[in-house]
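Two complexes come next, and they have one chain in common, chain A, joined by chain B in the first and chain C in the second.
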Partner chain A sequence: MTLELKQIGKTVGGDTHIYPTDLVLEPGRFNILLGTTLAGKTTLMTLMAGLEKPGSGQIFFNGRNVTGQPVQKRNVSMVYQQFINYPSFTVYENIASPLRVARLPEPEVRARVERIAELLRISGLLERRPDELSGGQQQRCAMARALVKDSDLILLDEPLANLDFKLREELREELPRLFAERDRVIVYATTEPTEALLLGGFTATMHEGRITDFGPTGRVYRQPRDLGTARVFSEPPLNTAEVLVLDGCCRLAGNLTWPAPAGLGNGPHVLGLRPHHVSPRREQADRVALESRIRVAEIAGSESIIHFDVHGAHWISQVHGVHPFEPGSAAVLYADMSRAFYFTPDGKLASAPAGHRPAGGL
Partner chain B sequence: MNGKIVNQKAWFFVIPVLLLVSFNAIVPLMTVINYSVQETFGDNVFFWSGLTWFQEILRSERFHAALTRQAIFTGAILAIEVPLGVAIALAMPRKGIWVSVCLVLMALPLLIPWNVVGAMWNIFALPNIGLLGKGLNALGFDYNYTRQVGDAWFTLILMDVWHWTSLVVLLAYAGLVSIPDAYYQAARIDGASRWAVFRHIQLPKMRRVLTIAILLRFMDSFNIYTEPVVLTGGGPGNATTLLSIDLVKIALGQFDLGPAAAMSLIYFLIILALSWIFYAVMTRNEEQ
Partner chain C sequence: MTRARWLVPTVYILFLLLPIYWLVSMSFKTTNEILGHFTLWPQNPTLENYRTIFTDPSWYMGYVNSITYVSLNTVISVAAALPAAYAFSRYRFLGDKHLFFWLLTNRMAPAAVFALPFFQLYSAVGLFDTHLAVALAHTLFNIPLAVWILEGFMSGVPRQLDETAYVDGYSFPRFFIRIFIPTIKAGVGVAAFFCFMFSWVELLLAKTLTAVAAKPIAATMTKTASSSGYELGLLAAAGTLTIIPGAIVIWFVRNHIARGFALGRV
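Let's look at the complex of A and B:
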């Protein structure tokens, strides 16, 4: 079971939603589509499912061309951000609905529904209707509907986005157990880099209708192919600055210098630094100090997210603990340049931290 | 009390509303109740008559006949307008400039004053000069709504369907467009039929707005007066004399204040009771 996209593209009324894309998705692991809203994740999924016809290119499933095939004939399941269930059916009838369309005998329907309901911990709710369930239970019901028929392709379009924090964590922990073991292709769209990292598998980062990088999630995170990928795969947003590299020395804003990583060529580069590698406290002696002014500080759970003006750029620091900061006051920001990415002016990765060199090919 | 500030000025805000409500609702209702239990021979002299008028009305064949006509009328227009309205709403476009065009066209009949609707259809259906009446006769139908009972009913119902189906369409359409696209996608993935999509997605999602539409159409059609009076005047004979028309005949034609008042109250209680039953039945499943 392999899903293969060859030069798949989609244009609607002169707007290109998906640029011609090649992608090979393997079964038995999470294939994550990571990108901001409107990056094209949902469109790409509807193309994979056959809900919409691609404007160009071909789709192969197990080597078989399924490009023109409508969704009913493809054995696909999809779970949406909204909790989609039949409103007038009980949970049992909802889960059973795909089996009823397939005209399975009643004893088998019952057996399969009960097994899936148990897996998703909604066995006690089978006689209720969707509007009598909590959001998390409704989404469990929708997932059960997607799992009950043995589909070859399961698409999950931001399934946890509408759940509150606690339910999201709870379901996220169960997801790999529910989906990943099966011999089917799983595609999971999310806007959250953390979610991609937690689910593992393979990640395709998407930006404005293009797949910017695709590979094992850890590799894409640690060695993003380009600046766009690094931006998509950083939350809070990636800090960037233009630096000049000359003879093993990086120079920012004329007077700040630090040693360049080995092998980085001369010339202008774009520096990329994730917010948790920038801190208002000097944690180690080798940190590079940047003169800055505090714009605003937010507290998110046990972390502080502080926004700074650094030489005209907007930088963000993410630190543990709750710290009081006075907006508008001057501050010194300490950057761990050993964790910095360097990109060429046209956005290609030139150097990744910890001695990683960009692998050739991907 | 306990240092709580009592601001008597608040009364200035409450009293106007209180006066308004009492003049337009409580006082008229009290007057009607007053008339319904008294007998008068003119000169503003009244005698207590108890429930005589109520008994008389409830036993009168004339009231039964008007009530039956009213029930048939309301039943017929509900049976036509609700399915027709839903069907039109389903056929309307969801995107593009045609949405506005359709919505404006649908809203037009609702904007026309009721007596104008009656007058329009009165002329439109005239057998000798009206487009509808003359056209039907030219096609070989013996159509004359001022003489033939069946034709009068046909015209009356057609007029109401023309005038009010739009209301059901607009409400049903509002219900339909609020259904997220994902529901239709999910149904396609399941391979659900067009009928199953309607029965299990669209209809349940339209439930609330349809409840409102049916209630509004029920109450309005049970109260209807202006349009049929302008169209047929209750005729031919008494064939289209609905409850409200009969009530006006008794109250203002014959000036029988007592029976008319008693009939008003019975009429009011019937609408109240039926509306409540309708609402209770239609929302019953939600409360379970």
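Let's look at the complex of A and C:
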């Protein structure tokens, strides 16, 4: 079971929603689509499902061209962000509906529905209607309906986004177990980098209708192919600055210098530094001191997120511990430049931190 | 202060109910008592008026005719409006917003405008004095209304519900009948109620397009007043019976009407 997109594109009324895209998705692991809202994740999923016809390109399933095939004939399942269930059906009827449409004998329907309800821990709710369930239970019902038929492709479109924090944690822990040992392609869309890292598998980062990078999640995180990918895969947003590299020395805004990583060529570069590598404490002597003006410091429990201006750029520091700062006050923050990414002016990765070499030549 | 709190609504409700009370009270009086002297309630209550209506075909057929064409109209209007409302709710097409608004403008002309063309047209094609003639004439203003109401309810249902059904393997007709219509059944109820109501109270087209075979009750009531002198008790009984179907229908949809109003579609 392999899903292959060849030059799939979609244009709606002059607006390009998906630029021609090539993608090969393998079964037995999470294929994560990571991108902000409106990046085109949902559109790409509806194209994969066959709910919409692509404007260009072809879709192959197991080497078979399914481009023109309607969704009813494709054997796919889909779970949406908005807990979609059939309101007039009970939970049992909801889960049973794909099997009943496929005209399975009733005893088998019952057996499969009960097994899947057990797996999703909603066995006690089968006679209720969806509007009598909590949000988490409604989403469990929707997932049960998606899992009950042996579909070849399961599409999960931000399934945890509308749940509160505890339920999200709980269901996310269960996800790998639910989808384990199944020979089917699983696609999971999310806006949250942490969710992608927790689920593992492979990640495709999306930005404005393009797939900017695709590979094992850890590789995409540590060695993003370009600046756009690094931006998508950073939360809080990636700190960037223009730096000049000259003879093994990086120079920011004229007066800040630090040694350039080995192998980085001369010339202007774009520096990318994740917020957790900037701290108000000087943890080691080689940290680069940034003379800054505080915008606002947000204390989120045991973590502080400090927004500040440095040399005309808006940067963010994410650190453990409570670090109160007055808005507008001057402060010095310390950047761990050994963890920085360097990109060429046109956005290609030139250097990734700590021994990770960019894969593609550059 | 506490007295005023219940006094005002009580007075208001009494004021609203007064004509209805007067009608019901008259229906239990003889015509002589009605014309004779002022009485607050029937002095010699009689069921004679109701007996006449339920035994004389020229009376009770009026009700049968009215209910026939009103039901026919409700079924046709809702059945035609369901797919139309779905299209307006789910698809974007050239001029969709203009068409949607234009539908409503059909309600803006007085029914009298359409009386002559309908009369001439139906006479020509042999539909004159049939239940279908009145039912079809009333769809002119009921279909736009039903489309307007149903579109509001349908747009409240996320598009993902449709997609989920297709993913589950439902064909469009099966999805529409098995899943979508049950999902918006409140809306169907509200739309049917308004079609029923407007068709039930409409007199001009119903009277113009019928003669004997499909004559509505409202027409029977006005005829009796003019030809066989004063039969006020009988008219009051007929009026009372005319209120009842509307009251029954309102009772059934009362919980959903509020939602229809809340959607701004009624």
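The rule we apply is simple: the second predicted complex is superposed on the first by the 358 of 362 C-alpha atoms of A that agree within 3 Å, B and C clash if a C-alpha of one lies under 4 Å from a C-alpha of the other, contacts with A are read in each partner's own complex, and residues count from 1 in each chain.
Heads up, the rule we're going with is that a contact is a pair of C-beta atoms (placed from the backbone, for glycine too) under 8 Å apart; a residue touches a chain by one contact, two chains touch by 3 or more.
Just so it is clear, the model here is predicted, and its values are computed rather than measured.
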For the three-chain model obtained by superposing on chain A, do chain B and chain C clash or fit? clash
For A:227, select first, second, both or neither according to whether it touches chain B, chain C, the two together, or no partner. neither
Now for A:97: first (chain B), second (chain C), both, or neither, which partner does it touch? both
Who does A:77 touch here: chain B (first), chain C (second), both, or neither? both
By the touch definition at the top of the document, which applies to A:113: first (chain B), second (chain C), both, or neither? neither
Based on the superposed arrangement, let me know which partner A:250 touches: chain B (first), chain C (second), both, or neither? neither
So chain A touches chain B in one structure and chain C in the other; where do those two contact lists coincide? 46, 49, 51, 70-72, 76-78, 80, 82, 84, 86-89, 97-98, 101
Quick one: in the complex, what on chain A touches chain C? 46, 49, 51, 70-72, 76-78, 80, 82, 84, 86-89, 97-98, 101-102, 142, 145, 149
In the complex, go through chain C and note every residue touching chain A. 158, 160-161, 163-171, 174, 179, 182-183, 185
Which bits of chain B are touching chain A when the two form their complex? 180, 182-183, 185-186, 188-192, 200-201, 203-205, 286
Report the residues of chain A in contact with chain B in the complex, numbered from low to high. 46, 49, 51, 70-72, 76-78, 80-82, 84, 86-89, 97-98, 101, 131
